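Lettered A, B, C and D in written order, each chain numbered from 1.
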């Protein structure tokens, strides 16, 4: 499988179809892979792929210095495919600027789990292929279960829970850096006049930041979990994201990243959208 | 596709010729019918007017049996039977509470997905091309008045079968035999079936209006797809009317060459022979 | 124990669209329909203009509840602002609930320019409801920390 | 440094009774930034406004808060006063302490405390207000009128007679619309064509009117005063400049059996045809769908006989582009299609009336053609099936209208009158005949309308039956109309059966086919039935919510001729008002993009109801595309702010209701 992957990358670079391939490279151990940026066909052997490749590489696509060099080849797990779908849907680049090398692992994170190449070549084909695998499925069992646990609490208990979790937030914004959807030039947390969100790492600002961050991912988060893994303080940000994603799915029958040609749910509406909560 | 056949009580009694013609026709057209084992009364009129749960439970049992016997759809030729089966099913499909109550009453599980129920016209419609090729004795020159009555098309929201005020499906089937459907005004008027016993005079008046109009528009016979319609129109003809009333399946049966006797045409009160000669 | 909250007068901050609910509240005034004085209305162009951050800011400033109100579906002065708003609040109120803000403190309504009576009754109803909930001390704790 | 003046109005007793105004003024005087705070009996009076003006000058105010009634009431008044004193009007805000306070609260302490807070909110806001300047938009003084029926004709003539240019677009080969088809008009019974055709001729001859018939609006972009309209001129296959209108082509056309649209299918026309004798322009078109030349390649008779060589089979659709300042939509109506039902529109239809299987069941416009002197029967009432004069005619009202169960819920309004007219015309022509009218109510609210209906009943002897018809069927060559007479009790139970020779259905009035697509092109609203939505049902009935687009006639809702003409003149007055100056001033409440922060996700573009968001490309010096960012077209923007709330990076703001202003207002409630 890895040879097929390298061969695709070699062809793309060799034929000049892309100027750069972004993929996973070998780290100190198979468990520790890190992103590699390959510009020469003879360097493709640096690429590896195994169940421990968990970085969402789509995060690099919106970085200023990536695209201008030419089209980009991207080793794309279902997470990257869906991220790219959202980014294209949001006009961040045209679909033909990214050549996807589709890969997938049967059980990410599990030692020895089978990995394979995806069949699709175009974004549309890969969306369909990934949708076939993932659409309609719940997020990871443990996340879903913990969301349910929280939902069973009283609002007061939940507030106390998040107050405690957020109290550890040091406002390093690693969550933002790791997220492909956080591509704003100037994040709202940096907005002053008026100051949207208090900037110091104190309870109110932490609360506002984490809630608004989750809201800004409504209909956009594809659930890769990069934010939570990036958080040095171990705040379970994926719970907030999963909750929002579920509400979007239940209310608007929409899941992010399976079709870049439909309007995003938070920029569209149906006249018969639910409204039982409105008096 | 296995079709469950639900004759209902009429077809074992007053409408035996409807049953005969269906079985002959199915054979002639090579359509498989499997009678639902241990079917029971659909509850028409008597049950659903008196006890709502009973009105649901009776059809429910037959439907549950059909599903359990691996039948994918039900053919209920009697218009009252098909009407009750469809109407009852619609009630529990939209309401889990009703479903649970009905399941408790019959002590059987109802199928999760709706079982399609077909009336006589609906059953023949998909086979229209087959009928056309099977016609050996085209009924050219026979003018027929297709009569729907009320139960085949009403209530429209539940049955969702044809246009309730201006249905055309029976004409489509009749035309496949070479017969010529006439345009007439009483196709969906009531024949008074429910008052057959209690107010015979009313029924006679209603039937007369229907038959007179059919004849005035040049019909040689009236075609029906409901035992009650048939009984009333066939039995309560005014003096000198002599307008034969045939089941749709008898008409098609004739055209595909089934012998009139096998179709039960001799069982009618108003003689048929002259009209089909 | 009932007396503990009887004294409490909640602060309710309302964000109203100019064309329907603000006008409906004007109509309540011209009709002299009485309601409790706990509500403070901020006039905006459209419910479509109202941002989630406004609600958080209102809680920061000590609101015990917030209300967002605008035109009924189909009546938006700008055609579709309320439809977009409806989607926004569908998600945001669930997120707030999940992050610990009692949904009974985050309220939404459609009040048309003709519904002065609905406005007065709504304000009376939600004021009583929030009064019964008591002050939003748990959030105040976060604000003051 | 802010220097805010606060002015508390007593509104006589209205505020003063419940709010302690001097106390509010005293408190407001202590707010940061407030340098002047007073109260007065009537701030809106001349002396009250004078106080504001004086204070602006004397105290060098940078902002004004007037605490009084609703801003929806007097904001323009006080802003004007500020402007007169040299303060930008958008530096003035109002605190609503009347409708939202003194009138709805009883306890003086509570009301006063709330008034103080409401004033503080507006003081905090006004400190962040910025001077705004009305947006000036140039106005192209040329109007587009869509639809050449009576409403469009009237609007076009009124605008043209007012000295402005008009482009009139009509999709049919001739203007005239439905009114040209009518026989006589109620309640005066004057001949429809006699009063209409002079107007049609006037349109064609008017130096200010450019007429495009057999044309449709292809696309519309731009905004009030500055629309760009593309018009498709459908191929007539006839060179209209060469054609003299002699009519020889139509005379010789061998294809003569095409149902005439103008005669509602009761008469026939040729493949090359002018819709009717008085058509404007009186030039033919070739109906390519029925022309033998186009279908088989053989024929070509019309080209051979044309003395001036005007017939051109190779003609193609062409386009003209027009700069337009204002648009009047006058696309009119059509009748509910009882023959095919309208299931696509969720209307179940009337199988009981036979779906058109009976030739002698016709609709109102068909009856008009039978009764018209220019019609297929020369004005004789003859039934379509066998050409005999019907002895008995039954008219059925409300077919499709006022029927929530399977039709449309609204009343079509004109039917009561035209059915009375039909009954009358029938009786005038078939003296011994009987006219029955089935009705639900008789709605004859108009000048001389009720008198007219009475005449039909009392003088001409039309038999009115209150009830519905449940079925029409045939008996021999008669139509049997079975229905109920609800005023007839007794043993018959109100059942009636009428043996008729012809039945006329007063089918519902519906907006024209394709109205939704046109509305979307124009960004104007339409209701569940497709009728176009006016800006306000009472006070702005000819305007739409899109500035510069006006409505005339039945496209906005059911109307008879006088109403359509009245509305058309109203729309024309609005257009002339708009064209009375070279520039247009708009309230500067519009959105603005901070392009340095915009990341170009274009959610704003998707939520904007006015297509006011444009895309702008940012390029480096070498010309490489760096980014695509949003830009607001201030001419199109109506200031709703949906884009602002949708923008995650907060790169758009709304003048007059900016982020800073709203945040400060909320802060004022601390």
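Convention: a residue touches a chain if its C-beta (ideal position, glycine included) is under 8 Å from a C-beta of that chain, and two chains touch if they have at least 3 such contacts.
Note that the structure is a prediction, hence the values are computed from the model and not measured.
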| item | value |
| --- | --- |
| Pair joined by the larger number of C-beta contacts - C-D, A-D | C-D |
| Length of the line joining the C-alpha centres of chain C and chain D, rounded to whole Å | 35 |
| CA centroid of chain B to CA centroid of chain C, Å | 60 |
| Chain A-chain D separation of Cα centroids, rounded to whole Å | 47 |
| Two or more partner chains touched - positions in chain D | 607, 646, 663 |
| Multi-partner residues of chain A (each touching 2 or more other chains) | 188, 196, 266-268 |
| Multi-chain contact residues (two or more partners), chain B | none |
| Pairwise chain contacts, counting only pairs that touch as defined | A-C, A-D, B-D, C-D |
| Contact set on chain C toward chain A in their complex | 52-53, 56, 60, 73-74, 80, 83-84, 86-103, 107-110, 122, 138-139, 141-143, 145 |
| Of chain A, residues touching chain C in the complex | 147, 150-151, 155-163, 188, 196-197, 202-204, 207-208, 210-212, 214-215, 218-219, 240, 243-244, 247-248, 251-252, 265-271, 273-275, 277-279 |
| Chain D-facing residues of chain B, complex | 163-167, 183-186, 189, 213, 216-217 |
| Chain A partner contacts - residues on chain D that touch it in the complex | 596-603, 606-607, 624, 628, 646, 648-651, 659-660, 663-664 |
| Sites on chain A touched by chain D in the complex | 68, 90-92, 183-188, 191, 193-194, 196, 216, 263-264, 266-268 |
